[in-house]
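In the two complexes below, chain A is the common chain; its partner is chain B in one and chain C in the other.
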Partner chain A sequence: MAAPERKTQGKLPAAGMVEKRGSALWMTHALMILGVLVVFFPIWLAFVASTVTQPEIVSPPMPLLPGGHFVENYTRALFAGVNIPVATMLLNSLVMALGIALGKIAISLLSAFAIVYFRFPGRTTFFWMIFITLMLPVEVRIVPTYEVVAGFGLLNSYAGLIFPLIASATATFLFRQFFLTIPDELAEAARVDGARPMRFFVDIVLPMSRTNIAALFVILFIYGWNQYLWPLLITTEPEMNTIVMGIKQMFPSGDDTADWPVIMATSILAMIPPVIVVVSMQKLFIRGLVDSEK
Partner chain B sequence: MEKRVTFKGWLLPLALVFPQILISGVFFFYPAGQAIWQSLFIPDPFGLSSQFVGLGNFEYLLSDKYYRASFLTTAIFSTLVTLVSMVPALFLAVMADRLVKGAGTYRTLLIWPYAVAPAVAGVLWLFMFNTRVGVVSWYLGQLGYDWNHVLNDGEAMGLVVVASAWGRISYNFLFFFAALQSVPRSVIEAAAIDGARFWTRFFTIVLPLLSPTTFFLLVVNVVYAFFETFGVIHTITSGGPQQATTILVYKVFADGFVGQDLGSSAAQSVILLVVVGALTVVQFRYVEKKVHY
Partner chain C sequence: MATVALKGVKKRFGTVDVIHGIDMEIADGEFIVIVGPSGCGKSTLLRMVAGLETISEGEIQINGLRVNEKEPMDRDIAMVFQNYALYPHMSVRQNMAYGLKIARIPKPEIERKVAEAAKLLQLEPYLDRKPRELSGGQRQRVAMGRAIVRQPAVFLFDEPLSNLDAKLRVQMRLEIRELQSKLGITSLYVTHDQVEAMTMANRMIVMNGGVAEQIGTPLEVYERPRTLFAAQFIGSPSMNTVQGTAADGMVTLPGGAVLPCRSRHSGPVTVGIRPEHVHVDPNGPLALDVTLTEPLGATTLLHGKLKNGAELFTASLQGVHTTEQGTHSVQFSVPAEDIHLFDPATTLRLD
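Our next item is the complex of A and B:
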């Protein structure tokens, strides 16, 4: 587990030896706060820009404190947008992120269960097949994958957005690792009781995997939400744009001035869902991160 | 490792793996096979037929000065992204580790940028450095520095590096912080009793103990810089000025979709495939041996 609480040895005088006191402690806090401010500055600036007017931005320097046009800019972004209302793009992103997260978890749970709890013809081949899919990000095979999706007539569809991105085996591997740690006695008992495999899967394996499923959900949701290249290729109609790829489409081509307040409001809207997921499920997120990189 | 207790039957397990086989087959193996196949051909200008050229596409690519330049650009870019994302993260993690109280709060705040998509990060940094309205570029102008990443190669590279590294600082911070928290206190206290000052302890004891984490992060950050920074580059520079920020993944896109040079794009995909394969092997071999969390 990441970041376990360090056991404080506060009662022993020696403990103070390596912990900072007084001015050094304040110095450390000051450096941390400075670090946080620097890291946060781009987000802060985007937020400020989303609350002021276009003339305030285009005559630099723009203000560094929020203005009074929050409601106006966000309403304009959500319900008018530039090419398409941002509310539509948010919905598309939500469908895509949920589809990828839930779809990948579902097919991986099933196949990991089969690999761990059965001996069937082709099992080893299958295992190596999914191992290979671990290695190739979609960025590397974009042209042929695009052709396949176009061939099925799936351009500008949710299926086209979702399916190619669930064709990777990270989740299968994670579940396999976890299922291997489930005590054999449980399967033995289920078998003796005459329980069918799927009964065992639903009653025992699924409930035991709850935490892993949740941790993986957090990681996959963010992965799906933050996709850029793939939606850029296969959504040619603005109605199907996702918010992350749609922001770039809001910049005018040529020399016109971009509608900065609306673009920045959209950027803020694009980061709110993943930030909420990460911050509110911090423990699960860190666990998922550490697990999925192992 | 294998289960000793298994269920009987083969129809059910085949049905269970079927969805994954189907999706991987249609959207992964077939396209990957196509990429390899297409890399051996040159389509005619009308796309009606194509001519078998064997390894001709690869020979052409490797002698193409733009492709070689893209390799160099990628090397510089990924080295810089790795450095710029790891060094500040390590510094912040060391600072947070010195705190008994408040470290959790800082961690919560520092996680934020990780959730921001690379493409959105690109837009945020573009906004700050925009040549007409950017706040940072304006203040640089006041200081007498004329910032223009649209024309200046080095500034364009600097901007995409910083925008790409920004979100990764969160990620690296989490791993470094977790690793620092698991460094045994007794070792550090023993060194303190021997009179070693903070930075001496850091460089002689803590840093060597962090080396498994550091190496792991090196590999994953290089993989990130190679394959997941497309959004940053597309939003900020679109590979320009000229080709100054065209990394390999961007070139696959630019040649395949913009330039419609399918044979070359497919050959580039195959080369990248080899690169990913090598990086994955390094990662797996290493992870199996050393990383303990």
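Our next item is the complex of A and C:
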């Protein structure tokens, strides 16, 4: 806070473009706080709804302060749920998100390594083929993918949840770009030192890509966690539901009343793991996006 | 301890020949400098010895064994790269130990060898630092250390000093030379700096356009350059050349000046005169119209044109010569043994 003020001292007032003093400072803060409130309000409502009883929610006006049923609602959600305990869904989501994130990273690291460091026939063709798949979102190829997964008998399994989403053109492309910035001499020095290609990969390339891997892990974990359409299609048994799609499944069909406190508690629970991942890896994540560490 | 032999070594990139056939025998413990302008193929030649480039034709032998098909690690060589190529995420110690670790040398022995090399290179206080925390000269030393610990048969240096400032370069030049003679390891050293070539080499290869213009000791190359290119590349400032006609041990320059020379050749010639071989002599046959002087302290460079001739000419005189404003003229002579004659067509030396 002090640094920008000191900087502007002694300068002509005309240089006011970046000046943050007095009313301008308050304005920016007020705007920021307003923005946070707008974004945060729905989450707050969800949290409030998860701590009160069903009648309290449905009778207007809706309460704006947390009620006293926090423990009760959350216990009910975690261990009973509507169709299936939320704990199971959380576990399913965790397995899927981790599987997708780690699998994508492993595969794209290896394919980027192959594309950058090996000269083989059709190298550019392969690269462009991978690149072109970027243009096709999951939704476009969802029917044929479903056919294949069903054919392999992978419906309602972790493998079926993970494998169709595991190849990543984006990550391959990012790693390729990063590997291209590693000086050739490093690979040559490793060759002179006697490192075979995989040794070079493990000893030199992997440690150097550490921050990039961390950044991608965060992005891919959230990508995997938030998958909705694919789990919805291939998990027909409630035991295999992931939490993001599971919330939708909690809404009753027909005239039954929805159990709002439990549904809201589930929503809040669904948010927690991505938040933990982002917060705990924030430093590495930002380093990976900002500097190339060389 | 090794000998290296290059036998008709050629390199082709597609249809372009970049090295046109080089033959050389390198004795055990020799320090060979490959010198030439950028793009002359000197680095390519070194990389072929290292095994980082394939050999299109010919043969490279280390200790009498053909190594053309061998991987770098099986050739028993170590290389120091221009940008050092240190592994950025490893400490100095790990950088130096990496090659040994791969070779599965027992840990205590690695420790001992790294410690030895670190002591030799005065790197002991830095062993646990990362390369980015070191200065240019220290990184250079680490790169050397990485080469030394493996006790290779041949050292290969690819312009190792070109990223250092002038003062450090002189210091490192001496250190590398000292280290090499202490360890007695056969070395190949690529540089574009003729001072490095002159001061470090046992023998040097002057390369131009993929051809070895001359192979010889620094003084041989300086005193009896085999081609005009070698003559002009070695020596600073570079040799002056004037077209002339030789007959009966005399050369006549375009302006009519006549100089004695050692050659019996007659016909048109390219006359080469090193700037430092010019002697001020009021009765000398040559006159220089000086347009610019550069006092360097120990010597003074006079730049100008020869009287009655159009050729640019540089003379280097001992001591400080107070500069006069504007054009003035200096008479000088050149001893017969310092006149180099070259064939204008082939650029080869004429004797």
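Everything that follows uses one rule, which is that the second predicted complex is superposed on the first by the 256 of 294 C-alpha atoms of A that agree within 3 Å, B and C clash if a C-alpha of one lies under 4 Å from a C-alpha of the other, contacts with A are read in each partner's own complex, and residues count from 1 in each chain.
Basically, a residue touches a chain if its C-beta (ideal position, glycine included) is under 8 Å from a C-beta of that chain, and two chains touch if they have at least 3 such contacts.
None of these values were measured; they are calculated from a predicted model.
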item	value
Joint occupancy of chain A by chain B and chain C, clash or fit	fit
Touching partner for A:Val202 - first (chain B), second (chain C), both, neither	neither
Touching partner for A:Val192 - first (chain B), second (chain C), both, neither	second
Of chain B and chain C, the chain that contacts the larger number of chain A residues	B
First, second, both or neither for A:Ala150, with chain B first and chain C second	neither
Once both complexes are placed on the shared chain, angle at chain A toward chain B and chain C, C-alpha, multiple of 10 degrees	100
Partner chain in contact with A:Ala114 - chain B first, chain C second, else both or neither	first
Nearest-approach distance, in Å, of chain C Cα atoms to those of chain B in the combined model	7
Chain A residues contacted in one complex by chain B, in the other by chain C	188, 191, 293-294
Contact set on chain A toward chain B in their complex	1-4, 6, 8-9, 14, 17-20, 25, 28-29, 31-32, 35-36, 39-43, 45-46, 49, 57-58, 60-62, 64, 106-108, 110-111, 113-123, 126, 129-130, 133-137, 139-149, 163-164, 166-169, 172, 180, 184, 187-188, 191, 197-198, 200, 222, 225-229, 232-233, 244-245, 247-248, 257, 260, 263-264, 267, 270-271, 274-275, 277-279, 282, 285-286, 289-290, 293-294
Touching residues on chain B, where the partner in the complex is chain A	1, 3-7, 9-10, 12-14, 16-17, 19-21, 23-24, 26-35, 38, 88, 91-92, 95-96, 98-100, 102, 106-121, 123-125, 127-128, 132-135, 138-139, 166, 169-171, 174-175, 177-178, 181-182, 185, 188-189, 192-193, 198, 201, 216, 220, 227-228, 230-231, 234-235, 249, 252-253, 256-257, 262, 265-266, 269, 272-273, 276-277, 280, 287, 291, 293
Chain C-facing residues of chain A, complex	183, 185-186, 188-195, 199, 203-204, 207-208, 210, 293-294
Complex contacts: residues of chain C adjacent to chain A	50-52, 71-73, 77-79, 81-83, 85-89, 98-99, 102-103, 132, 146
